[in-house]
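Here the chain labels run A, B, C and D in written order, and each chain numbers its own residues starting at 1.
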Amino acid sequence: MKSERALVAHLMRRAGFGATPSELDKLTMEKTYEEIVEDLVTPERFPALDQSFIDRYYGGEQVAVHVGKWLYRMANTQRPLEEKMSLFLHHVFPVAWGKGEHNPSIYNEIDMFRRIGLTDIRTILLELSHDPAMIFWLDNNENHKDEINENYGRELLELFSLGVGNYTEDDIKAASRAFTGWTFRQPLSLYPSGNYPTEFEFLADDHDYGEKIFLGETGTFDGGDIIDIIARQPATARFISRHLYNFFVEDEAQVPSWNTEPPRNAAAIEKMASVFTETGGQMRPVLREMFNSDFFKQAADFKKVKSPTELVVGVVRQTGEFNSPTPGIYQFALTTLDDSEVESTMAVMGQKLLNPPTVEGWHTGREWIDSGTLSERIRFVESQFEDVSKPGVREMVERVGSLHDDPAHLVSRCLDLLGGVRVSRHTYDSLVEYARGLASMKSGESAGVHNLLQMTASTVDYQFE
Amino acid sequence: MKSDRALVAHLMRRAGFGATPSELDKLTMEKTYEEIVDDLVDPDRFEALDTSYIERYYGGEPVAVHVGKWLYRMANTPRPLEEKMSLFLHHIFPVAWGKSEHGHSLYTQIDMFRRVGMTDMRAILLELSRDPAMIFWLDNNENHKDEINENYGRELLELFSMGVGNYTEDDIKAASRAFTGWTFRQPLSLYPNGHYPAEFEFIEDDHDHGEKTFLGHTGNFDGGDIIDIIVRQPATARFISRHLYNFFVEDEVQVPSWNTEPPRNEDAIRELSDVFLESGGQMRPVLRTLFNSDFFKQARDLKKVKSPTELVVGVIRQTGEFSSPTPGIHQFAITTLNGSLVEGPLAIMGQRLMNPPTVEGWHTGHEWIDSGTLSERIGFVESQFEDLSKPGVREMVERAGSLDGDPAQLVDRCLDLLGGITVSENTYDSLVRYASELRGMGGGEEGAPVGVHNLLQMTASTVDYQFE
Amino acid sequence: MATKSADKTLVVVQLTGGNDFMNTIVPYTNGHYYDARNKVVMKQDEVLPISDTLAMNPNAAPFKRLYDEGKMAIIQGIGYPNSNRSHFRGMDIWHTAEPDRVGNEGWLGQAIRELDPNAENVLTGVNIGMGLPRAMAVNGVPVTSVGDLENYGVMTRLEQERLREKALEAFKGIYGQAIGTGPVADYIGQTGLDVLKGADMLADVAERYESDVEYADNQIAKNMRDIARVHFADLGTRIFYTSHGGYDTHANEMPTHPKLMNDVSGAISDFMDDLEEHGKADDVAVFVFTEFGRRMRDNGSGTDHGSGGGAYIFGKNVRGGLYSEYPSLDPSDWEHGEDLQHTIDFRGIYGSLLEQWLDVDAKPIVKGEYEQISPFAN
Amino acid sequence: MSRPHGLLRAGYPYLRTLGMRRVIGYPTDVGWTDDGNALILMRSEGAASVRIWPIEDADLFTDDLKGFGSYGAGDGQMVWPVQLITDGEGHIYISDEATHRITRFDPDGQFVSKFGARGDSDGEFDGPTGISFDPDGNLVVVDSKNHRIQRYTVDGEYLGGFGSHGSEPGQLDLPWGVHVDELGDIYVADWGNNRFQAFSPEGELKIAVGKLGDGEAEFDRPTGVAVDAHGDIYVSDWGNNRVQMFNSEGHYLWSFRGDASLSRVARNYMLTNAMSNRLREMGRIEQEKYLRRPRSVRIDSDFRLFIPDYESYRVQIYQKDVVVLDRTQFAAPLRNPTLEVT
């Protein structure tokens, strides 16, 4: 055993979408914790999924189909942090399908996140500013030389990089002027032949080539120059670090209060920010620093609420139902907004992936949970572990053992099998009690260890990463 | 003056197509002889001609049009040695349009020569062996695993690399086997849409993968291996060096007698061969050595007969008529064999460029000259210098000065203006006499007026002008 | 061996481009001909029959006259093996008599070398036209190529008489004095003087000529007249060469081919008459050839390159008539599914001309022995 | 004089291939007559003429291939002809960049008049290339080697001009083809700068599109330009073997790479030539349909797009398939791109 099972399980939940029991066996046997971190931040070491293989089976235009494909990727990728960073960027730079209803732009954007998520902040912001979905979402296509639209300029500073309090209204104007002429080619309309992708286009004629003053610097800046300046700001380092901390380590307050609320762990943020600044905004070193830090390891005890996506993908990985393309994955993502008659589980849980509610994205942490969403989470977990013919469920049932075994041992094995879940003493006692009850019902035809798995996955503790 | 005018003129004639008076002014003022040589062997220092600019004006399918474009390039390139090396390779690897009548392949072959001419012998022979025009010309497309055709294998050894006497019939067989399967993809036929390019194709199934023994080496050689072995042979170094010597320095006897006739200058060949072998067959060091050598500088006094191409390009550089695309350059190259009703001067002078008579290429040196070709040379020069409206002629007439000046000085200036040529004493005297007689004839009572251009014409018609 | 005016003279006329043999000597009663030719076809009621199966092109009436007088031999189905139907390759083969490899010595050049081994007369072989044909080109064999008889020589562009004289004087000085300054310069100097010598010999040929025959105003007629002028000047020429272009009738054959037939047949019959008038008809034969015949089927407007053509020999001492076989027109006999097969090798005809007319051993020139015909009266 | 409000862009079905080698030699530009003939301007070294060829394509070679003009510098001859246009009376105008003149022929191809003299003063040419009529019936001429545009009456009286040498917007470098639309705007293929530019009648730059490359809206030596009645712009992209299409604002819309089929004459030729058929069976035929070095592009009033396919001896013709919409069928112009579903 080269690494500690519980700690690796924690790492794989946070940096990915959880590990199955056999994956944990292998990882802890073969690699040290630090080696696993290194593998995570270096996804190129592992083969990428073959997109054509996914496209071969999953066809269709609805957003739910695209979300389904993304879920499939998250569940099956050998580069978990790559997908997790895409999800992170989708959280931080939330663009909703609902404004443009232009599917290719949205899934191309996620693809772009996948490509650049582990590069550096300059590349990330530059690609983001080139992204047609973002341009349309924040109206930069209406940002003209002779008619400034500040929407993108404002959000870039407020939500995507510096955070409130680190710039002036004049800086917003300057930034907005610098992004004039950054637009996209008009794509062909949906009818009669379906959506075509669109492309970034720079219209030199519509660009304000004049002098601008931005964050104290003066020049005939264009968008790229603005991003260069932004990337150098300590505020950006702190802001991105806090986002990472919030996403990977511990639920923070919601973003709008960050300029008033101090971080939960200022020392951690400072540490990450200094690595960010030293490396010129490189993501890999910051992530490496974070995952190897004590604060991250200790966060295994923190109750960090899973996002609906994390919950769904974690469960799907454990049931093994979608370890190869299988019909139905898109159903997790259906919403009535996209011509379905019912809302699917993710929508009910409050995360319409690829379709966040506002430019601030989803409110996370405990705000994921209310009575409606929680009952959906439990119902979902229950239903997923019901069918013992799913390969993952069957494997778990086999590994858990018989109901005749010692109930405490049974529960411990269940918790381990579900990804090294840690539960409170109270929860543990309740589960042992339930196991004992199941054993006594042995004459009933339907009772089995899978009921114990269902119950374990339905605990409050399972809602935490 | 950093370099000697007469020497630079000699260098520019041999390594290029001659320099105009103003080019000589500039070169000798700005650079040493060695710097000029360095510029020549390093053509990348100068921007290549914009081929789209040439294509914009010169369109058409007949080979004469392609030759015309080549003449244009030779006359206007800022990289004269690049073109001259292409001409050299066309001389030693002569492929004729006439067998295939596939103009496209010929044209791309010359382009390939231009690209590889100053690289190394291995690259040159490899590209040559993959060239569809060459493959068809020497029947390598009929060289099959189970039915060897030795045409290419034989000429590769005999004419393209080592020369007779340095290999056996068995070596030819082995080389031929190694080139089996080296063929080209059938291009679309001429009708109805014109020629499409042909492309090299290696047919694995038709290649003899068996063991071969070639020049004492044994292995499952393919064509590339054969070329590797060829390039390492001292015989190849000598053969290519002698070719370079023959082309750039001094007329040798015709190639078929090289295995019996010793070279004109054994030391020079040895010096070039050594550089060739030391550098692994690189052309640039060999050429640099050649142009910087004493034997090259002394060759100024050797009478090397201009090929028709060199004569024509030299003249049109001097007349300036084609210093930018101008109609008619293809007319120098037309031949009745390609649909024309008349022969152009190059054909009459005996050099149908891109259409050499045989795989041995043209017989050069004094064999360029017979009564028909000589009268054409003189008639050509005469006609080209006749029209005073051509920019180069006008400039020369202006620079030559008036007939009223001292005839000897006038002749001196004419000789310099035509590219720093040197003439025998007798010729010089004849020209001076002619100049003073021209002066005596004054304005002329009938026909075109007598002028300096008559003297230029006569100077360009001398025996000495036929030499490089 | 000095040449004598009593020796036989051969005039070679090249029809450049590939003359349509089927529309020259027309198989006017053959159904296959009319099946294959839709538009480019000679009408049965317009041709000039010379037998039950063959007729002369109606525009070649002068040929019909010569044929009727027994002065025209028609060699049917002449060709060479493995024709690739290329103009260049075709001409190359005809010029060098080497169908299997690319030759480098012209067959007539080799004959001239035999006729004048010491290269004593620069006019033993004369080409009338621009550029020396490869048939006459052999290294070391001086041959004169006359584009324009009136202006042959150097410095001919100088219109002013006195200026030209001075120029020629200077030229002679320069080229004459070059001799003795080294082998190459010597050679070039000598060659320059040869040009002047040839020009001197030809200088007044044009003026001396008189004839009642009026040649037509076209290029081939002018060239035939120039041949007559030089020949009548008794300069020792044994082989004349000239060519007539425009036979590559891919398109518009019906309007263009008649003029070609008209011009070439008129020029040759005028030349024959001229010979007769000057009492020189006995010792001159005219050999007319083309690089190949044309395709069996027409393409709606013209005909494309084929093989198996025809050649013709004219002369007072020629035994007129048909030689060899007319190629089979049956589609099952077509070469490549589209061409006439040749029925006699051209090298046999060269052999006949060289040996029976010029008295030159043909074997080294045509590289072997081929079936000959006997077209000459003895 | 106003533009239609919109059109249903449905595509560009391929219409026809005209001619073949021997019938058409190096087509460099094309015009048309009222009676259904294409006027194909042919130029290669030592040869130049105009072939009159039915747009329906001839069934067979005819014995009287129609055409006029020949190579040479005499009246009615041409050396390096570049563009051919016809006026309302069927008179034909041809520019010649070697003889520095514009020649006018009557509808039968007989020489009528000529003008032009070499030089760089006003009213002189150095290599006139593109020619086009403006809405007033005057001739707009690209004076290529002087890098400028000039305007003349059809009789050769100089009316004015603009343009200078360089690569800045509005400057020109060896410009080639030209088209003047019905509004009088002048579109020029700016050959050396790898772009096309549009100017107001007064010579004020309106748009400049393109740079060196082979992507969308990139060019390798653009040769010709045409504008249709809808304002769509077509540019022959010589080095990239294609024609690119742009809307009136200069936005890239489409590329034409060629879809040639065998013309009727070519089909007939093939039927009589067994050997060429065998060779075709062994060659890669797909490449045959693509354009090779187009030197011009033209569109007629029936929206037939003619591309002289210079190195393949033919003219490829597409048909624009559109329905023009009225005001009620077409939304107000968008200022910005949108991702919204329509």
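Of note:
Just so it is clear, a residue touches a chain if its C-beta (ideal position, glycine included) is under 8 Å from a C-beta of that chain, and two chains touch if they have at least 3 such contacts.
Remember, predicted model here, so these are calculated numbers, not experimental data.
The interface holding more C-beta pairs in contact, when C-D is weighed against B-D, is B-D.
For the pair chain A and chain B, the distance between mean C-alpha positions equals 69 Å.
Chain centres here are Cα means. That of chain C falls 47 Å from that of chain D. Averaged C-alpha coordinates give centres for chain B and chain D that are 39 Å from one another. As a whole-number value, the distance joining the C-alpha centres of chain B and chain C reads 33 Å. Annotation for chain D: residues 22, 265, 269, 273, 275 touch two or more other chains. If the chains shown are joined wherever they touch, the resulting network has some other arrangement, not a path, ring, star or complete graph. Screening every pair of chains for touch gives A-D, B-C, B-D, C-D.
Touching chain B in their complex are the following residues of chain C: 16, 86-89, 91-92, 102-104, 122, 130-132, 134, 139, 142-145, 153-163, 166-167, 169-171, 173-175, 177-178, 181-185, 187-189, 191-192, 194-195, 198, 243, 245-246, 248. Chain D makes touch with chain B in their complex at residues 20-22, 25-26, 28, 43-47, 79-80, 97-98, 174, 176, 191, 220-221, 238-239, 260, 262-263, 265-266, 269-270, 273, 275-276, 279-280, 282-285, 287-288, 292-293, 310-314.
Interface residues of chain D, counted against chain C in their complex, comprise 22-23, 60-65, 265, 268-269, 272-275. Against chain D, in their complex, chain A makes its touches with residues 99-102, 105, 132-133, 136, 141-142, 144, 183-187, 189-191, 198, 201.
Of all residues in chain B, those touching chain C in their complex are 96-99, 101, 251, 303, 305, 335-339, 341-343, 347-348, 355, 357-360, 363, 365-367, 369-372, 374-375, 378-379, 382-383, 386, 424, 426-427, 430-431, 433-434, 437-438, 441, 444-448, 450, 454, 458, 461-463, 466.
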